[in-house]
Structure formats: structure tokens, C-alpha cells
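Right after this note come the structures.
Below are two complexes that have chain A in common, paired first with chain B and then with chain C.
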Partner chain A sequence: MAALPKRQRLGPSPSLAWLFLAPALVLLAAWMIYPVVYSLFRSLHDATGNTFVGLANYGAIFSDSATLITIRNNVIWVVVAPLLVTVLGLIFAVLTERIRWATAFKLVLFMPMAVSLLAAGVIFRLVYEQAPDRGVANAIITTVHDAFAGSQGYPGARPRENDAAPASVENGAVVTKQVVRTGQPALIPLVGLSPDAVAGFAPARPASGDGLTGTVWIDTVRGGGGTVNQIDPEEKGLAGMTVEALQGGAVKATTETAADGTFAFTGLPPGDYQVRLPQSNFTAAFNGLTWLGPTLITPAIIGAYIWVWAGFAMVLIAAGLSAIPREALEAARIDGCTEWQVFRKITVPLLAPVLLVVFVTMIINVLKVFDLVFIIAPGSVQPDANVVALEMWRVSFGGGGDQGLGSALSIFLLVLVLPFMAFNIRRFRRDER
Partner chain B sequence: MRRSAVLMIAALALTAACGGEAAAPTPSGSAPAPAAKPLAGTKIEIAAKWTGDEQASFEKVLAAFEAKTGAEVTYASTGEDTGAYLGPRIEGGNPPDVAILPQPGLVQQYAAQNALKPLSQGVLAQIDQNYTPYWKELGSAGGQVYGVLVKAAHKSLIWYRAPAFEDAGAAEATTWDDLIGKTAQTLADAGTPPFSLCGASGWTLTDLFENVYLSSAGPENYDKLAKHEIPWTDPSVTTALEKMAQIFGKPDFVLGGASGALQTDFPTCVTQVYGEKKAAMVIEADFVASSATQSGAVIGEDAKAMPFPKAGDTAPVVLGGDVGVAMKDNAGAMALLEFLASKEGGDIWAKEPGYLSPNRNVSPDNYPSELTKQLAQTIISAGEAVRYDMSDLAPSAFGGTDGKGEWKHLQDFLRNPSDIKGTQEKLEADAAKAFKE
Partner chain C sequence: MSHSAASFGRPRVRVMDRVGSGLLQVVLVLVALFWLIPTLGLLVVSLRAEQDNNSSGWWTFFSKPAQITFDNYSNLLASGFSSSFWNTILITVPATLLVIGIGAMAAYAFAWIDFPGRDALFLVVVALLVVPVQIALIPIAKLYGALGIFGSVAGVVLFHVAFGLPFAIFLLRNFFTGIPRELMEAARMDGSPEWKIFATIVFPLAKPAIASLGIFQFLWVWNDLLVALVFADTGSQPMTKALQSQMRQFGTNVDILAPGAFLSLIIPLILFFAFQRYFVQGLLAGSVK
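The block that comes next holds the complex of A and B.
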């Protein structure tokens, strides 16, 4: 058989291959390579783009405290979010294998992926609202909390803040300023409750009697007026208020006010006392957590992120799980392994490649997080919740218009992402082999 | 610059796919005739920050323009951060035909970038006819007129819920000390938190500061601070911040305390006063009327406003306003701006709630409420005696960006009102940076 002519080969010619590759290459060059190179170039120039400033923009990233916070937040994100998402995905995947309505369950968990991150952000902005009547998170927390310790007494009630007021606040308790003598009823006027809140209360009355007595009442009248520090006919008494009689700092007796706000201690020896309304009367209702405050904002946003991505991780891991040889699991069970041992010694090691891919993909994803932070954090805590990607957009296009610094941030982000990208690509190559 | 922006956008893959979508076809060669404008088929895109009710009101004006000229106007909402919306579109060579800028500072900024088109003779004629020179000045950069003030905001007001005042026996205050010591204290004693602060919207805090500062430091200092000729560490700023701390520092005075206020944006703070009836007062401009009406309040009956009380020698009148500019030089854009600057357009807009016209020929009779009529009158008659919103005159990196500069530091001050000195130093540091550029 004659040797094939040198130029003949199987398949299309390289020139034809190049022709078919050309569109992809052009698009890649226009949308990937050129922008990256230009961003690098731009990051070495100032805001106007005309002056070369060397590495000054990169210096600015690490010297500005606001930018350092974004880097700190990104570190928190990278450490916490991918791990949680992967672990939750693994748990869901393993558990859904064992239940009946697995598909329905998976569908529900995967559903958030169908919601855009922006919409998810809007949803969670509402979930995290402070007021329990608007925010679901706090509604749940306060309901649970109140089931164990309901609020009681009169939160918000307090004495007037001036020298003429007969009582003042000490360590949260209301204490009479002057000594109270037996036979001379004490007056403890309070304010701070709205006329509507006390509308159904009984009118306050002056106390009488030989013992240590007095009245605790709301010293305001609807529409203003009324004599300050005096019991007016339309003013309301505060019922059920705990009252303590003190002598030399020690509690001598405790009683409660009647419906008209009067109290009387029985069996106290005559003398001089101080009357105290302990703090327990004024315990403010538990109002839930400040999710959208500077402290909790990043964990709160990470929570929203997990809601979106846990389902995705679950589906990937479940696919890996179904590829695990059943024999290995069964052999382990026959050998007497507990389910926990099977999970730890067989399932997880066999799943390791998938878990790693999910984990690394999540790291890359988390480094670029933008929308959730932008939407969920209120303006006042954006600086506390800020991340590098959001800061990049802000300095480039919001307010300052410094695209030099913005480009430097984008290159910085690229450098952060690159090792993980390289890692993923190497893994894919190894898998192909 | 333009080139770089195209690339930035491509790099960020933000709007790469929408290039050219909104480009308005320029009508071929038809010079704008003053009387009938055959703009049938012309598409005009206008971008402004208004949403909700304000947007609905504005769209009625646009509808009138469409009916008159046959043009097709598309409204695009820029959201609160107008610079962030327009920036990429300008850089990408695809700006809207007309933009309404919330800050005169942006007129200067965009004029410097050559992003604005000088107004046509028709628009200039309307401006000369309807506006005092002061307003014309606000829309100019480098001697060239680029903008027309289409909407004014009266920012020296304190809105209150009349039934809450009646229940507590509180009265309007004419001095700051009365506001704190009497009005607010009486309300707090009666169990109603006096103030609902919109701390999540930084600009509401700058408005409060400007009123207190203009009143306590006087107009001359106000002008100097606005141009950064005196530093933010000046003792006059200390005084103003101390007065603000009289509110910020008392948990009884602020609905939800500082933490609650910082999560409350505008107009939620208005809803808290008039809808949920949780607080008694909200310190913001005339446009509160729109949100208050939506919350079910009747302006002039349960929703009333008092002039911002004097915190010093000056009764403050701080104004804000939105400036319309042309970003493309075409007949449609100019015709729309001419309409907005005209008495005709102003009259239509004035019938909507929450609108104040700086146009002196718009008859106050158009306004739907007695209050708006009075406010319009004060703006027109005050002329050059009023001061424009200071933060809106500053570079937007300092005076108009979420999470930066003045917004951020006043929010931090609300969180920690005892740190007056630290607040001033941070304000000065950011101001120095922003004004240098």
C-alpha cells in the first residue's frame, strides 16, 4: 500500500478549524482579553485617565480604611459562605436520598435558584426588617422569646426629667427623691404612655391611711393641661405595679398597686422610707435582633446567600452521590458499619471530587458577590457590609467617578479569583485524563 | 474618556447588551418652530430619580407633552444614585436625551466632561421669561447655560401629625430650644416619640444639618462652608452638631432609637408618622406631602407643616431642586425642556401633589393645597435670599453618595452622637479630598 501523500490527513484542515474558531476568538478577545488588559492599563492611571500614577491606586486600596473593610468582609464571606453552602448541600443531598418525596423536596430547595439575586435581596430586606410586624425573622424570634418570657408592666413609662419631679430613674428603677413618711401619701407621677394606651385604665385616686401609702399614675391628660405632679380627675392610675419600701437601701416590704394606682404597705413600722418601682415594671418588650444593623448585616446577607445557593449545591452533590457505587456502601454495612461510619468513611471520600468542585465554585462566586449586599444593606450600613465588587462599582460609577481606582479594584478581585480558577481548571483536566 | 468607558462596561458586562437600544432618532432637519412642533414619531428618553407618586405626577406632564407634540417619551428611573445611573451611560456614549439632575453639582461635573448640550434659543427664552437670574445661575457652568430648574423643593419644614400634637397638648415651635424643650418633650411625655428620622437615607440628615447650620451660623458661614472655604472642624459646625445631638442623643425623642432610625429610609419615615401613627414629626421637605397623602393623611388637616424653627439668628430657608439638562442635541430633547420650563408645563405639574415650581409665572392657584401655595410664594418672593441645599452643591463624592462623605458621617453621628469632634474631623478629611479633585 502506497504511503499517503504528505499533505493528506483525516478531518478538516487547520485553516478550516481556525475559521470556525474565529468568531469565538474574536468575541473572547473583545469581551475578555482586551477588557482585562485595558483594566490593568487603566488601573495605573488617575481618575481622569490622563495621568500615569504607577501603583498609587493599588496603594490606595490598602491604605483606605473603608476599602480595608470591604476586604475584611470578603474574607468573612470566603471563609463562611462556601463551607456552609457545601455542608448544607451535602446534608440535603444525603437526606433526600432516603425520603419518599425526594424530588418535591429537591424542587423546593432548588427553587431559590430560579429567583434572581436582586429579587432574593428584596425578599430578604423584608425578612430582616426590625419591626416584628413586618420582618419575618424578628417575628419568629419574638414569638419564641415571648412564649418563654412575655413582656410585662409598662415599658416606656418614666418620671419627668426635671428637678421638680418627685421621682427619678436610678439603674432602671424609679425611686422617690424625698423620703416618704408613713401617713403622708407619696405621689409618683409618670409620663411616657400615650393617652390611647391608658384609655381603659381606672382614674387615679389619692391614697389615704396611716401606713406607707401613695399613688402611681400617668400624669398627662389628652390634649395637654392638667396640673403637673398633681392627680387630676381625668388622669389614670397604673395597676399591678410592683412597689418596694426601702429603708437604708434594704427592701423592707413589697406590694402592688391597685386599679386606681394606689398602694398601701401593711404592717410596716412608722418611719421614713424611700419608695421604689423596680425595673421589672418597665421591661421593654423584646423587639428581636437588629439584623440590618452594622454588627449582624454580613451574617444576615450570608444567610440570604445560603438560601439561594444551598439548593444548587445539593443538586450537584446529589448527582455525584448517585454515581457512587452502591456495592461499596452495602459492603460497609454488611461489615457492620454504623450509618455515620458509612457516611464518613465511604460516602464523603468518594464524593470528595464533587465536594471540592462545589466548594471552589462557591469561593469564586462569593468573591464576586455584589447584588445581595447592594440590595439588603440599608444605606446607613452599606459601608459596614461593603464588599470589593460593590466598592469597585461605587468608586467607578457612583459619586466619585474614579475609574482608575475602580480598575485597580477589579484587577485586585481578578488576582483573588485566579488561583481558584486555575485550581478548578487543573481539576477538570485531571478528570478528563 | 469615552473609549475607556466602553471598555469598562464591556469588562463589567453590565450593559453591554443594551447598547443603542435607547438612541433616539433625530428628526431630519426640522428646525424647532415656536408654535406647532410636529414631533410625531420622535422618541425621547428622559431619566430622572423619581419613583412612585412623584413619577406618576411627572408622567402626567409627559403625557401632556406627548399629546401636544406627538412625540413618544420614555421615562427611565435612575434610582436614588443618579450619578451611578448616568455615569456609565454617558461614558458608553448612550445617554438619555434629557436627564433631570438632582444636584447642580452634577451640572458642573457633566459640563466639565462635555456630556451636556447647550440649551437652544427656545429654552433660553423660556428661562429668561419665567425664572429669576438666581435659578439661571444654578443651571450654568462656565458661563454657558445647560440646565433649567424644573422642580423646587422647600427643605425648611417640619411636618407633624396634628392629632398627635392635640393629644399631647404640644404646639408648633418657632425656636430650636422650644422645639426640643417644649414641643418634643411634651410629645415624649405623652408617649409619642416626637421624631421619625429617615436615617437610612443620608440626604435627609444633611438637610437637617443644613437648616440648623444656616440658622445658627448664618448665611455667610453657610456660603463659606458650602465652598469649603472654612473647614468642617470650624466651631460653627460644632454648634450645629451639638444642636442635632439634642435630638439624636435622646432615645425617647427618636422612633426606634438611633438603630431603628438608621434602618428607616425615606419615605418609610413619613409612613411611620402618618400611616402607622407611631411618631409625631418628620423633618423633611414639601415633597413629604405626596407620601403623607398616600398614607391616608389630609394635607392641612392632620398633616401640617411648620417652618423650620430658628436655631440662631436666621430663619432658615433651604431649597433643593432638580435641574433638567439635554444630553443629546436634538429637537425632541430641546422641545421637551422648553415645555418643562414653560408656564404651560408648570401649570399641569403644579396640579399634582408634592410639586413646587420655581417658575414665577406658574400661578399659585394651580396648587392643590393651601400649604403648597404659601410655600411657592415664599420661594418666588425670597429670590436670592434663600440658600441652596449645601450637600447638593458639593462634589457628589462628598455630598451625594450613599455610604460616603457627609451622608456616611452624619449617619455615624446619629449612631454615636457624643462624638462631635470625631465626626467633624472625618467630615473635614473627606471634604478636603472631594474639593481638591
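The block that comes next holds the complex of A and C.
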């Protein structure tokens, strides 16, 4: 920015300036400056406001386990969110330079900035719904999981409980009773799945070969019939079962059944084994992640935050990118630099000031994060997702009833922001020069 | 944006570029979908009957489009939500206009009137840009209690004006200093009074900056939850606070929350698409808050 022109005394008198400034100064003084002073004063008193307690409220912030969790969460937020937002913004800004529909792309990514964080919170509460047939996040994850892992569980499948059954249940796993020898296919007949549930499965077939082999199948026929513990033509194999070969209690090899229920271990030395179908085969199908549970809640909310802010970073960085002289990039390309080299050696260094501004803006913003945590974290999980700005509201207005501690938390928040305030002032003074 | 690297490449490189560019398009389409789907989900959920939302995912809507209904919206409006919609407007419009007016006056003084302590005072404004709202909640609640405006629309508006001012002054002052000096001096030579220069020269010239500021302030106030949560009561509460009070039973009242959230974001979205140019300009001019 150009330096301010040195003015000769042509303009109006300074008193007029104060007239122009008066409304703003009154508001700033009463709503921003006075509150800082009052909060400092109030933070040194207890919940009632009548008893001076010194720094006890500040001590409470750093000793109470609940506030320590909020500080830990704020640290996670500050370390993770600004970096991810900035990096994503950079990637998107660079990539959109190469597509024709860059404007449309930018609008789409930028759109969440116009939406209230409350609405964004509601949006992501829907996304993170636990049931995979309601929440889109788990719907996608379970679909992808099932496509790759393939082994859907068979809850309810079990061996017959009589002495003639070749396998029995041990600690949730199904284990062969007799020793299985290589070259003698094992038979593991199961029941407990309705004929309808297995109707679409491939027919079971006996296994063959010299190694350790066998068949896992549903040993029942619709309408009855069939020979117990024998593979009948109408009976269905169980695909994707995990099968383990044990020797002396130790797992020697693991494989999976084919569509017809057969399995074969390759490369096992001849000998006596026990065959086990581990419990994982019989647990319910994968049901997605508990996004809104205590463990994943902070990453889940950070995900929503990135959704809101990546567009902001992208637009700012794209503006910086368009100011980079094209000739420098072209010259490097003609000299044989790869795109990656151009990006690392020229684009990023030239963008550094913009990246820093985006990064710092994001840190300031993340320190104050309130709405998203408040809305997305269900009440019971809120203590695990809590952050300083939310805790300040909770203790002062949300039922905590301790405005002494609340004031201390707000001062703490202000102190956290101070370095970035200094950064802004320095940047401003440099720009003015 | 055109990219001329390909024109320098040999044919083989161009084929590689083609493949790479196809892949890039696919990736970016996926990213864009990722950004669109959550909002689309909210819209669809808001248009489906409660029992449908409970029994199946909103995306099944595309295979069975017949289930669309506006019942959720009519139920929501019948439940008194419309009064909070009016409160949002009653809070947002004055808060935006006041910030523009008061901010422009102060910015004019900072940009074009010499007075002792001007630069130092402006640094204070720059410092105030990042002051968290939380610092003022308790003191201002006490102040409003003493003044008897706790829970009123006026209290909420004044709070938003005060916290919008640093950005407003910062943005407009930077724009005002860019107005040609000759223009100002000519007007002063003519003996125009200062308020007239402000009203007839500076204010009209600064329209783009004022539009940027206006859209920002409008969105901030419209979308605010925290200030309303503390300073508004049930009579003066905006949509955000009204919806927040429904959050506790999220699982059971999606049929209220989804249309409410969608109603609350539709006006900001329209404004955003209509004025996105100014939005971006404002962002570039003052990315500090």
C-alpha cells in the first residue's frame, strides 16, 4: 500500500475528526475495551463476584481435568486444522488453474462460508448419523469396506451342538474337534442361517488336493432333507470365511473360503492340524464408525470445519497465485523443470506470504471455534469435544454459573490470540511503509 | 484459466498431459461432489416425511422421488418459527446499516483528516480486529442488565455493531486512502464542507468496498449463534438460537431442524451468489478477523 500522503493544513480541524470518530469510539470503548478491563477484574473474584480469590480461577483452568481436556482439544485443533485447511486450499488453488470450470469449482467450495455454522453443524450431524442407512458418511464407508474386504460376517451361523458334529464353538470361534490331516479335506458344516439368507450363494463343493483343505457350508436344505454332516448338492457354501490352521495352539496359516465354501492352505508342511474359523466371521457386519462417540468426535468436527473453510483458503491462495509472474513459471518449464519442481521451487516460495496470512487467520479462527463443537457434539459427548471458547460459555451461561472462572477463560482466550494480534499489527505497519 | 505448458510439449508429452488432465477433472469433480453432498442431503431430508427419514437414507430419494413433501416446512412455520425469522431480519439489517454508517465516518477521519494520535489510534483498531467475542459476554451482560436492555433486539444489534466496527473501519479506511488526493483537495478548495465531501464524493466512490463490508457484516450477524444465545430472549431470538434450542433432541426432531437450517441458509446463499464478487474482494482486503 502506498504511503499516506503528507498533508498540508488544508483539511478540516482535528476537532471535526473526533466528531466523525465519536460514535465508533464510544462503541469500541464500551463494548470492547471496557470488557477487557472488567473481565480482568472479574476473573480475580469467585462465582459470586464478591470475594477476591487472586489467581485461583486461572489455577483452576490448569488443574481441573475438564478444562485440561478443553486445552488438549484446542491444541489438537490448532495443530491440525489450520495446516490441513491451508494445504488443501493450496492444492485446490493450484489444480483449479488447469480446468475450464474453475469458477464453478471455486463457488462450490466457497459456498459453505455463506452458511451459518449452526446450519453446517446440522448438516454434519446428518452426515455423521451412526446408522449406515441414514448417515451418508457411514453409508459410504460401509460400501467401500464391503467392496474391498468382501468378508461380510455371518452372525448366527454356528455348528450343530451334538457329539456327531465335526466342529464346536470355543471362545466364540468355531474349531474342528478331530485332527485334520493334509490330504484329507475337513468338513465344517454350519447351521443357523435361514435358507432364504443363503439362497443366492453358490452350491457347496467338496475340497480336494494334497494340502490342508476343506469346506465350510450351511448343512441344511430348504424343506428338510439332505444328509447331516455331508455336502448335498442343494447345500450352499459360505464365501469369504476367514480360516486359520492351528498347530499346538499357534496359528500357522490363514486363508479365506472361495465362493463354494472350499478353502486350501498352500505351502503348509504335511502334518496334523486343527482348523479354526475365528470369531470375526460371526460378528455382525461392519456398521461404520462411531463419528459422534468420544474417540472420533474431535476429528469429525475438524472434518466439518475443513468443509467450511477450505474454500476460503483456496480463494485467497488463488488470488496470490494469479499475482505470480507467469514468465517465471514458463521459463522454468522450458528449462526442463517438472511440474512438481516448479511447484516446490517457485510457486510455494512466491506464495509464502499469502500462505502465512491464511495460516495465521485460520489459527485465530480455530482458537475461537465454538458453534461447530457446540452443535455437532451430542450433549453426552460434549465434555470430550470441549474447547476453551465453548467451555467459557458453558461455565458462565450454560449452567455452570461461575462467571469468575468464565472471565478467566475469556482472558485466557484473549492471551492466546495476542501473538497473532502482534503479527497483524506488524504486517499492517510493514504494508503501510 | 488457460495453461500454455502443453503447447511447448512434444506429442508424447501432450498425450500424457491429456491423461493427467482427465484424471485431474475426475478428482476435482469428486471433490466438488464432496462439498455439495452434505448440503444436498440437508435439503432432501427437509423435503421428506419424518417416517421416511427414520427408515431410509435421504439418497434413496433419487430412486423413489415420489416421497417429496413440504409438510416439514408448513409444520415449522406453524410452530412459530416465522417470528424468529423476522427477528433475524430485525437484528441483521440495522446491525449492517449501522456498521456501514458508523464505520465509514470513522474510516473517513482516519483516511482524510489529520489529527494528533491518528496512527496510534488506528493501530488500536487493527489490534481489536482479532479480539474474541467471548471477552465481552460477561461484562456486556452485566451492563445490559443495568441498562435494562438485556434480552432485547437493540442489545443484540449494538453488540454486533461494536464487534463489526474494527473490520469495517479497517476495510473502508484502506479503501478511502486509495481515493485520488486531487479529488479531495479540489473539493476542499471549493469550500465544500467536510460532511458534503464525505457524502457526495467518498461514499459513492467507495461503493464496492461498502458492498463488500455490507455482505460480510450481513452474513456474520445473520449466521451468529453465540451473541444471540447470550443476549436474546425467547421474544427476540433469531433463527439460529431458535434452532439451537431444538438441538437437544436431535434424533427425534430432524423434521424441524432440517427445514429450519435450510430456511436459515437460503437467504445468505442467494446473497452470496448475487454478490460473490464483493465477497471475494472483501476477503482479500481484510483477511484478518
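In this section, the second predicted complex is superposed on the first by the 296 of 433 C-alpha atoms of A that agree within 3 Å, B and C clash if a C-alpha of one lies under 4 Å from a C-alpha of the other, contacts with A are read in each partner's own complex, and residues count from 1 in each chain.
What we mean here is this: a residue touches a chain if its C-beta (ideal position, glycine included) is under 8 Å from a C-beta of that chain, and two chains touch if they have at least 3 such contacts.
Predicted model only: the values in this text are computed from it and were never measured.
Student: Considering only the touch criterion stated at the top, classify A:V169 as touching first (chain B), second (chain C), both, or neither.
Tutor: Neither partner.
Student: Classify the contacts of A:P112 with the two partner chains as first (chain B alone), second (chain C alone), both, or neither.
Tutor: second
Student: Quick check on the superposed pair: does A:L28 touch chain B, chain C, both, or neither? Answer first, second, both or neither.
Tutor: After superposition on chain A, A:L28 lies in contact with chain C alone.
Student: Between chain B (first) and chain C (second), which does A:I375 come into contact with in this model arrangement: first, second, both, or neither?
Tutor: Only chain C is touched by A:I375; chain B is not.
Student: Touch check for A:F20: first (chain B), second (chain C), both, or neither?
Tutor: After superposing on A, A:F20 lies in contact with chain C but is clear of chain B.
Student: For A:T96, is the partner it touches chain B (first), chain C (second), both, or none of the two (neither)?
Tutor: After superposition on chain A, A:T96 lies in contact with chain C alone.
Student: Where does A:M421 make contact in the superposed view: on chain B (first), on chain C (second), on both, or on neither?
Tutor: The answer is second: A:M421 touches chain C but not chain B.
Student: Quick check for you: in the superposed arrangement, does A:Y38 touch first (chain B), second (chain C), both or neither?
Tutor: Both chain B and chain C are touched by A:Y38.
Student: Answer with first, second, both or neither: which of chain B and chain C does A:F124 touch in the superposed model?
Tutor: Once the two structures are laid over each other on A, A:F124 reaches chain C alone.
Student: If you count the residues of chain A that each partner touches, which comes out higher, chain B or chain C?
Tutor: Partner touching more chain A residues in the overlay: C.
Student: Identify the overlap between the chain B-contacting and the chain C-contacting residues of chain A.
Tutor: 30-31, 34-36, 38-39, 42, 378-379, 393, 396-397, 403, 406-407, 410
Student: Taking the complex as given, what residues does chain A use to touch chain B?
Tutor: 30-31, 34-36, 38-39, 42, 47-49, 66, 129-130, 156, 158, 160, 191-197, 220-225, 290, 292-294, 378-383, 386, 393-394, 396-401, 403, 406-407, 410
Student: So in the complex, the part of chain B that touches chain A is made up of which residues?
Tutor: Against chain A, the touching part of chain B is residues 1, 4-5, 7-8, 10-13, 16, 81, 83-84, 87-88, 109, 166-170, 186, 188-192, 199-202, 252, 256, 259-260, 262-263, 265, 396-397, 400-405, 407-408, 411, 414-415, 437.
Student: Please name which positions on chain C make contact with chain A in the complex.
Tutor: Listed in rising order, the residues of chain C that touch chain A are 1, 3-5, 8, 21, 24-25, 27-28, 31-32, 35-39, 41-42, 45, 53-54, 56-59, 102-103, 105-106, 108-110, 112-116, 118, 121, 123, 125-143, 158-159, 161-163, 165-166, 169, 174, 177-178, 181, 185, 188-189, 194, 198, 219, 222-226, 229-230, 240, 243-244, 247-248, 250, 254, 257-258, 260-262, 264-265, 268-269, 271-273, 276, 279-280, 283-284, 287-289.
Student: Which of the residues in chain A come into contact with chain C in the complex?
Tutor: 1-2, 4-5, 7, 9-12, 14, 16-18, 20-21, 23-25, 27-28, 30-32, 34-36, 38-39, 42, 92, 95-99, 102, 104-105, 107-119, 122-127, 133-136, 139, 307, 311-312, 315-316, 319, 330, 333-334, 339, 357-358, 361, 364, 367-368, 370-371, 374-375, 378-379, 389, 392-393, 396-397, 403, 406-407, 409-411, 413-414, 417, 420-421, 424-425, 428-429
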